[in-house]
């Protein structure tokens, strides 16, 4: 479409976020989602507990956002790629990355604890929105290679939508028509800054209009809805339909990280109101309403959660082996003579 | 210029006082950045400013470093004195084009017609157990950019004094705050430093001179102390401003000792220490008993927290370098 | 408005670019616009001629875009600020900057040839879109100072809308609700890259939706229409109504700069088709249709144009005085000791 | 590796041949950037590639340097070998965060799991009469960034050979193309350079060594020629790759002559010459008759075209520096 064919305007996103829990939907996936949500909540709790024990340097919890995390991972096909931000360890874990590996960055023994190619999960990305162009490039490369079973899902936050890289990535994605889906987890805050001070747009999904891609809004605490919207967008992407921007409306129940004091910028009432919309209990209630919350399901979910937590405590409870010599090992394929010299000098001092 | 009675304060608090006093003294001073308002900044350096001066004087911005710095350029063009907070060193990179192509050049481009009184505060350096992208030392980029002043305090008194001076400057200043000294405490009089470009002799010493700045100062002072056991009398110079550079103080000391070691956290290759070593050598060559040595971070991306202690210059490496200054002759 | 009040969606830009020439409009401004268009075309021709004589290092002509250039300058109030890009010397000249000063950058004796404060015209900006945050900051500062007679008009190109700084600036403008108007001159190309490879959006005006600001589309070769749309937007801005994004649909008739070879990327037919829509002849025809193209007006326009051209030839025909010592003079308020030393060494060598 | 019969070609053409040969040899090589397709690049270095290989192999991108470089990161993660063209040195700044925080670190971050075979071509330097932002020399920023290779040819043969090597490298390379040598012509065999990190002795000389790279080479060769009249026999070394740095070749030459001058266009303060001077001094101190001197651009924003000749290091300033190498003793 050329700019001059202006008659064909793209439609605006729906005003109401898409939801499924409150309707009369297909519930076949719900038990699986439920188990993952319970496990995901446990993951967040355990990771936060590990910060208190000094076992993690820092942890940005996704408590309250588990529906997004879990649905994002489960919506992916086997050859799809996930591009998480620093808050998305749970999505990586749900995708299959070992918890101890997914938490490597935050434990602090190395920058990324896993091989991105093994699970098709890019390294957790801290500089905001900077991984979005990577997602676009990888999706583009997959298309160039003819791999039409590959789509890319990139996760980012409401605050990150203000960064230039967000803009450049979405524009590239639309112009190149790549198989990429951008999920903005609008959790209400960028550290202390509320989304109302981040944008004047009616919704973050409206940003899609300026790129000429569809924008969708979904209830981010409704796991089946997030799963459905992402699945549709990823299917469309793989089928050559181009990129989609999805805004999931959710809330960060915990502070920005364990070192943040969220009482400085938001009220207990606000947090409580969102606790009423907790994605885990909401799915539990919906399952119960449909007579699906069996004891067996509950027990299975809890056992899986506890197994995960126990594994995390075991794996992260001891100090990792450290080799300072490794500092020089991965800067280049072959250390430069100069680096070899520094490594030698270092070894000389510590020998 | 404001003066306070000596009471023990942290560097973070001294910076906070500097901002408050500057804002009280001049209504043109505006603080802006992500989380500087209600939260008071990630390191609490802007604490209380929004409450005291209103959110138009201390403003939470959208998350866009180039946008904030660029907006600050426009504000400065209109006569304000913006002070921009960057959250961590590595998050200044998205604003690099604004910094290099505009902030550093506006005065020069306009033949002096449009000065740019603008301060960019950047927490820098490691040693706080931060994860990836939270420990960078990128002063090499700033010192290589003509048009910027590059300033970094190493003491609580300088944190206040140099920041007041930076905000009062009619030129842009990159103000580098050593993260790991935010909680360092001193009982000291807080007053503005009268001018940039004066290094401080923090310790006199006759056998060799340690040249450092920011987070390197406590390490060098510790090394000097430890060096006494080896029989060395080590002087320590705190550069305070990397641009302008105080050749006079530095060269006077090095000429006296004939031996110098530059110490900084930033990577060594093409780091600020290269310039320091090169210019000291150019100016003091006949006095030198040995080449100026550098003790710096390795030439690697900043390491993960569990390994950072191996990367950071410590007393041992500094004394090794001192020992290498040809003591046999 | 908060993001959750999603019911209030902002309207989409109109599909058809706004025009006036072809209707039955108020023609009172037309003679003035006409004189400036004729003068503007002459300015472009003379500047291009000066490149051939080696009197300008380079010239990016705005031939074909004079309606945008002229209307932008004339729509400004006396206390408004203009933020031009490198192609907008004509807008600066129309605002009152001396031609030789406006062309200083392109002549090459200094980076900016005029004092931006004298005419409230920021320096011509070469790095794309980087001046847009400046415009926002200045507009914000004016509001902070209570100067409600100040609005800011920033000019930029279609290509520049892909840059991160475009995004960050427009987002800031909307969140801060500053009195700023962004005029995108969509002249079809960014050097050789057509706008269809720059964006997949239906129009560039659609980008406004994602910022929550009005987006308008105007026929960029219809000077009265551009003038009207900008005047309305600037009035709204000064009255506290916030920012506007305006897309002017126009065409660059000349190569990107005098050193470009436009035949590599576009056909003579395409250029010819746009020549039919030349903004100067279109206004002339419209004036004629309304019986307003008098001999007097023609003569006046031509005389003013020739006077301008003669002045340019005179002012730019000689070598400017050069003082290499000035290289060191404006880097800082006071040259550092180090720079003083370099200046001394330089003088020593050349003395 | 390809070889061509010697025929006079320009540097721009040699670069073009390198891209074509690399694309023909390896379908994973993709060229991308603004105007690289139909137009063939502002300096015509990508001429004909889109016609020959299609616009999926040589792709015009939207105007967004961070976006292009970031997309190239993703492409490289998927196994391609992207070659990104930046239009002018100063227009690499918007991509700085991508370069520093991602391009330079991907391999290291992932413990070697994700190498990043990516080349960024950046036309740099002045001397072509370009207006503001068209004459920058920003190699200081790149050499101070661990994880990047920084390469710059000074000859037509090297333009081909080093670019082939860069594209074949499994690590990211910032490939700096001296703008004012694009039209320099040589009749030379075009073949890949076998490895990075080998400086070339362009002229042997016994009295002092000129150390330079890129656009500095012709100037230094001219200075060496002119120096004969003053009775000096000046050697000239072309560094070719700034990272990795060839200490061996450089130090061998400087030890022989005991005198060295570093020459580059970039600003002197904290420029690459600082590192070169510092490391040469560290390694060759006992051999030096005089401190290593630097002849560089001034510490100012790059000047407007009518004044650039005053800023650029020329034969006169180089010979002055040589004369200052204490010839009396």
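By letter and in written order, the chains are A, B, C and D; residue numbering begins at 1 in each of them.
Quick note on the criterion: a contact is a pair of C-beta atoms (placed from the backbone, for glycine too) under 8 Å apart; a residue touches a chain by one contact, two chains touch by 3 or more.
Since we're looking at a predicted model, the values are computed, not measured.
S.K.: Farthest chain from subunit D, going by mean C-alpha coordinates, please.
M.R.: A
S.K.: More C-beta contacts across C-D or across A-D?
M.R.: Most contacts of the two pairs: A-D.
S.K.: Cα centroid separation between subunit A and subunit B, in whole Å?
M.R.: 36
S.K.: Averaged over CA atoms, how far is the centre of subunit B from the centre of subunit D? Could you give it in whole Å?
M.R.: Comparing mean C-alpha positions, subunit D is 31 Å from subunit B.
S.K.: How many Å are there between the centre of subunit A and the centre of subunit D, using C-alpha atoms for each centre?
M.R.: About 40 Å, centre to centre.
S.K.: By the touch rule stated above, which residues of subunit C touch at least two different other chains?
M.R.: Counting only residues that touch two or more other chains, subunit C contributes 110-111, 127, 162-165, 167-168, 171, 175, 197-199, 326, 331, 338.
S.K.: Pull out every residue in subunit D that's touching 2 or more other chains.
M.R.: 61-62, 64, 66-67, 90, 93-94, 97, 101, 105, 108-109, 132-133, 146-147, 243, 245, 269, 298-301
S.K.: Give every residue of subunit A touching subunit C within the complex, in rising order.
M.R.: 1-10, 12, 15-17, 162-168, 171, 174-175, 177, 186, 195-204, 206-213, 217, 249
S.K.: Residues of subunit A touching subunit D in their complex?
M.R.: The touching residues are 110-112, 115-117, 122-123, 127, 130, 132-142, 144-145, 164-165, 167-169, 171-172, 175, 326, 329-333, 336-338.
S.K.: Would you mind writing out the residues of subunit D in touch with subunit B in their complex?
M.R.: Its residues touching subunit B are 66, 90, 93-94, 96-97, 100-101, 104-105, 108-109, 132-133, 138, 140-141, 143-144, 146-147, 243, 245, 266-267, 269-275, 277-279, 281-282, 285, 288, 290-294, 298-301.
S.K.: Within the complex, which stretch of subunit B touches subunit C?
M.R.: For subunit B paired with subunit C, touching residues are 30, 56, 61-62, 64, 66-67, 69-80, 82, 94, 97-98, 101-102, 105-115, 146-147, 149, 169-171, 197, 243-245, 247-248.
S.K.: Could you please specify the touching residues of subunit B with respect to subunit A in the complex?
M.R.: 34-35, 37-40, 42, 60, 62-67, 90-91, 93-94, 129-134, 269, 298-301, 303-307, 310-311, 316-317, 320
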